[in-house]
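There are two complexes below, and they share chain A, which is joined by chain B in the first and by chain C in the second.
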Partner chain A sequence: MKKLLMSTIALSVIGFTGFNDVKAAPIASQTVTAVLGTISSVESYGGNVSTTIDDTGSLTTPLDPGFKIISNVGTSQALTLTATTTSSSGEVNAFSSSNGNVYIALANVNTPPTSDAVTNAQSDSPVAASNPNVICYAVTPPTNIEGQLEYSWNSSGNYYDVNLTHQGDTITQLVVPATSAKPNTFNGNDESGSYQAIVILSYN
Partner chain B sequence: MKKQTLFLLSILGLFISNSISYSAQTPITKLSATNGEIKSIVANGGQLSANIDVNDGKLSNALTPGFLIVTNSNSQKSLQLTATCNTQDGPVNAFFFPLFSLEYHYIALTNSNVLPPSHCVDCVKKFNGALNSDNNPNVIAYRMTNLEDIPNVMDVRYDNNFNRWDITLLKRGATALNVEIPGGELPLTNTYSTCDEGGNYQATITLSFI
Partner chain C sequence: MRKIFLLIFIIFISIMESNAAIKISPSTIEINANTTKKDYISTAFNVSGGINETIRFKIYPVFFKYDEKGRFIELRDNGQSDSLMGKIKFYPTEFTCQKGQPQKVRLTITGLKTLQNGESRLMLFLEDVNTKEVLLSKLNGNIGGKILVKTRVGVPVYVDKGNFTKKAQLVSLNAREDNGFLNCSYKITSNGTSKVRYNGWGYITDNDNNLIKKFKVISSNLPGGQGAYLEKEQKIDLKDCILNKNQNYNLKFVLTYKDEQDKEKVLKKETSFTSNMNINQNKI
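Presenting the complex of A and B:
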């Protein structure tokens, strides 16, 4: 009984003390939080994406598709610039390198070439009769932007590795100059039609 | 059990005998309990989190931290509502009143994951964030709903010198106070951009008696 009485008194004291502590605080704070996610996006950004091929196989105007990279990430990020073109057996890599140049293969979407024809056109020594409906053009090495963007050619995968070190908007483009076609990839075997490739810039 | 019963009866007997012995003197025993002044504030719920639209910086919903003020005093009480946001240089005042603004007050939220230097918060306050979005990375400012007087309950006034709300409480009892940062509104011009990294943008709002 005595123990019970003591316990009751003790609890009462503790209880009232605790109660008073809560009631006595003359200050309170609340922290509000707004969560912002990561932005890593790429948009098409103009540029000339259509031209004509003259009777020598040269592009009449440059092709220079542009991209806008948008990022709110403060650290460096990896992207890849790739290109595909259409063959009769599906999409194939449109980028290739030979003799120190990087080329892009445009395939006739109206009469798609075989993938072997694309491979032949991309080789170091194309044979005109072996690559109908594929025409290759040299591309200008993409321009690095100091402190923002750096390209490096990946010779094993035939694409560009892109290292982004800029937060905010970064504009870049791939330029295919208005020059003649890669030797032996344009000839009378190439049927008329739209010769196309798709250039893709993407975050890894 | 028997012993306990006897013990209680003995105590009862003592009380009875005591009463008999002194009943003629009619003693007066004062029971005194002092009820001190109560001045308390507790956090009182409200919406404390939202998402920021990455496209335009709008809050997905309003932020509405609430407070409950309790006092048993009839006299007017002074309180202050302040806010801080954290920076690399420590907490700084998060409330501000842009020069161009004729009506609205603002609060700066800073990225707790990538703290900005304090001068970035200063840029937002000093130049209203309107000069260049590059000068205030990891700081985003939003309009607040103005606090308003409640007749016979509280008077409120924004102190431009200290960038805080001074509140005079006019009643006793419990009084709720809610702060609101509206949702769905664009941040203060040029305070949101891709210069703001992903993370938790925060400010701590404090209500206190003075």
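Presenting the complex of A and C:
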């Protein structure tokens, strides 16, 4: 009985030792690598994009579409903020500048204005009778973010150049305040309906 | 009941519009045409929309350049020798992404043998086409104003071919302290046939060469070509520095870029400036 017990213990020790030998194999390691490529991303980011126009031509609430720009590259990036609206002959630039202000033109969706009417509304001295179905509103100069985002008005192309120098998320916004229309761009010639423009933030 | 459904539909469409997103990776395509003997070369990039949206994209090419301030300039295609217009095929040209799922866009540059030596380029723009109009009923005869929001992302595509060169020079560096900020301006020129992407560091030291601040220079792409240059500015916050009024300090830029052999090149420039005010003297 004693011999049997001793044999069992001996076999167990050998067995465990053998088992441990298997467990004590050289440590293997594997490097796990995940490659993150460069990313450019832009998305619309809330803000009010719809309002009404009262009987005097004023916007009743501001329009303030927002954008979120994402970059994981520590390189300065060129973006542009442009706007278009629809004339009877196709898309035209909705941004314009006159007398030191930047304006955005909203055109009637149901009865688009002629491109001449848009040009007249965007001029320094619009004539009310010459710009039916297009109304211009002043735009608040977009806010620069120190060390992240800088806007500059491109007077030859009538759009904003945007210089992004920030790695990460950057939020920006275009604001059309609830103010009266540019003089002589709103009057009884403007038919009821929906007036609109398209604002495009482009990552170039 | 129908009005409630209509209201829900309008809210749903408004939410769809307000989340339009485009994400591209990689953000730049750079191809060395010398790596193939074929007359074409292919690559791909990924596009995705927002996680909670279904978004339709269209893709179209545009010829472009960056000006001396790094601003994007769209150019009319006149068959310029450094343009890839007419030499690119991509698929799909329009597609729908659902719930952030990525879509691979494959592109092939053809006619490599007809490309000029040096760099050729174009920009592939991806734009959301889903700007559905929402016509709201007007009360009291009012008319409605609306801004539709669109997003667009460009993927610059560059092809280098033949004996292209990447050569840059840091020709000037100026610094001026103004109200606790250091305004740095520099000019960097390029006379290679391919663009240069540079990175670097700026160092502010005193006259005993003690380091006061080290900061990262915001990198940029410098176009290739005769007479190409960039004039950049960078504003450095000095609130974490201690400077004495009327004392001279030094600013040094050390920029690096990879040349056509993928070897690192170093550009250095140094200048001095005078602090116009005591900054953080109470921290001494």
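Rule of thumb we're sticking to: the second predicted complex is superposed on the first by the 170 of 204 C-alpha atoms of A that agree within 3 Å, B and C clash if a C-alpha of one lies under 4 Å from a C-alpha of the other, contacts with A are read in each partner's own complex, and residues count from 1 in each chain.
Keep in mind that, in the parts below, a residue touches a chain if its C-beta (ideal position, glycine included) is under 8 Å from a C-beta of that chain, and two chains touch if they have at least 3 such contacts.
This one's a predicted model, so the numbers in the text were calculated from it and none came from an experiment.
Peer 1: Between chain B (first) and chain C (second), which does A:E43 come into contact with in this model arrangement: first, second, both, or neither?
Peer 2: So A:E43 only meets chain C here.
Peer 1: Considering only the touch criterion stated at the top, classify A:I70 as touching first (chain B), second (chain C), both, or neither.
Peer 2: In the superposition, A:I70 touches chain B and chain C alike.
Peer 1: Kindly classify A:I53 by the partners it touches after superposition: chain B alone (first), chain C alone (second), both, or neither?
Peer 2: second
Peer 1: Is A:I27 touching the first partner chain B, the second partner chain C, both, or neither of them?
Peer 2: In the superposition, A:I27 touches chain B alone.
Peer 1: More residues of chain A are touched by which partner: chain B or chain C?
Peer 2: Of chain B and chain C, C contacts more residues of chain A.
Peer 1: Between chain B (first) and chain C (second), which does A:A78 come into contact with in this model arrangement: first, second, both, or neither?
Peer 2: A:A78 sits against chain C, while chain B stays out of touch.
Peer 1: Under the stated touch criterion, which partner chain does A:D169 make contact with: chain B (first), chain C (second), both, or neither?
Peer 2: Only chain B is touched by A:D169; chain C is not.
Peer 1: Contact-wise, after the overlay, does A:T143 reach chain B, chain C, both or neither (first, second, both, neither)?
Peer 2: Neither partner.
Peer 1: Show me the chain A residues, by the header's touch rule, that chain B contacts in one structure and chain C contacts in the other.
Peer 2: 37-39, 70-71, 73-74
Peer 1: For chain A, which residues are in contact with chain B within the complex?
Peer 2: My answer: residues 1, 22-39, 70-74, 167-169.
Peer 1: Quick one: in the complex, what on chain B touches chain A?
Peer 2: Residues in contact with chain A: 4, 7, 38-43, 46, 48-52, 54, 59, 63, 65-67, 70, 109, 111-112, 114, 134, 137, 140, 179, 181, 193-209.
Peer 1: Mind listing the chain C positions that touch chain A in their complex?
Peer 2: Those in contact with chain A are residues 14, 17-28, 50, 64, 66, 69-72, 123, 125, 127, 131, 133-136, 138-139, 141-156, 197, 199, 216, 218-221, 232, 234-235, 237.
Peer 1: Any idea which chain A residues touch chain C in the complex?
Peer 2: Interface residues on the chain A side: 37-44, 46-47, 49-55, 59-60, 63, 65, 67, 70-71, 73-76, 78-80, 104, 106, 109, 135, 137, 146-147, 152, 154, 161, 163, 165, 176, 190-204.
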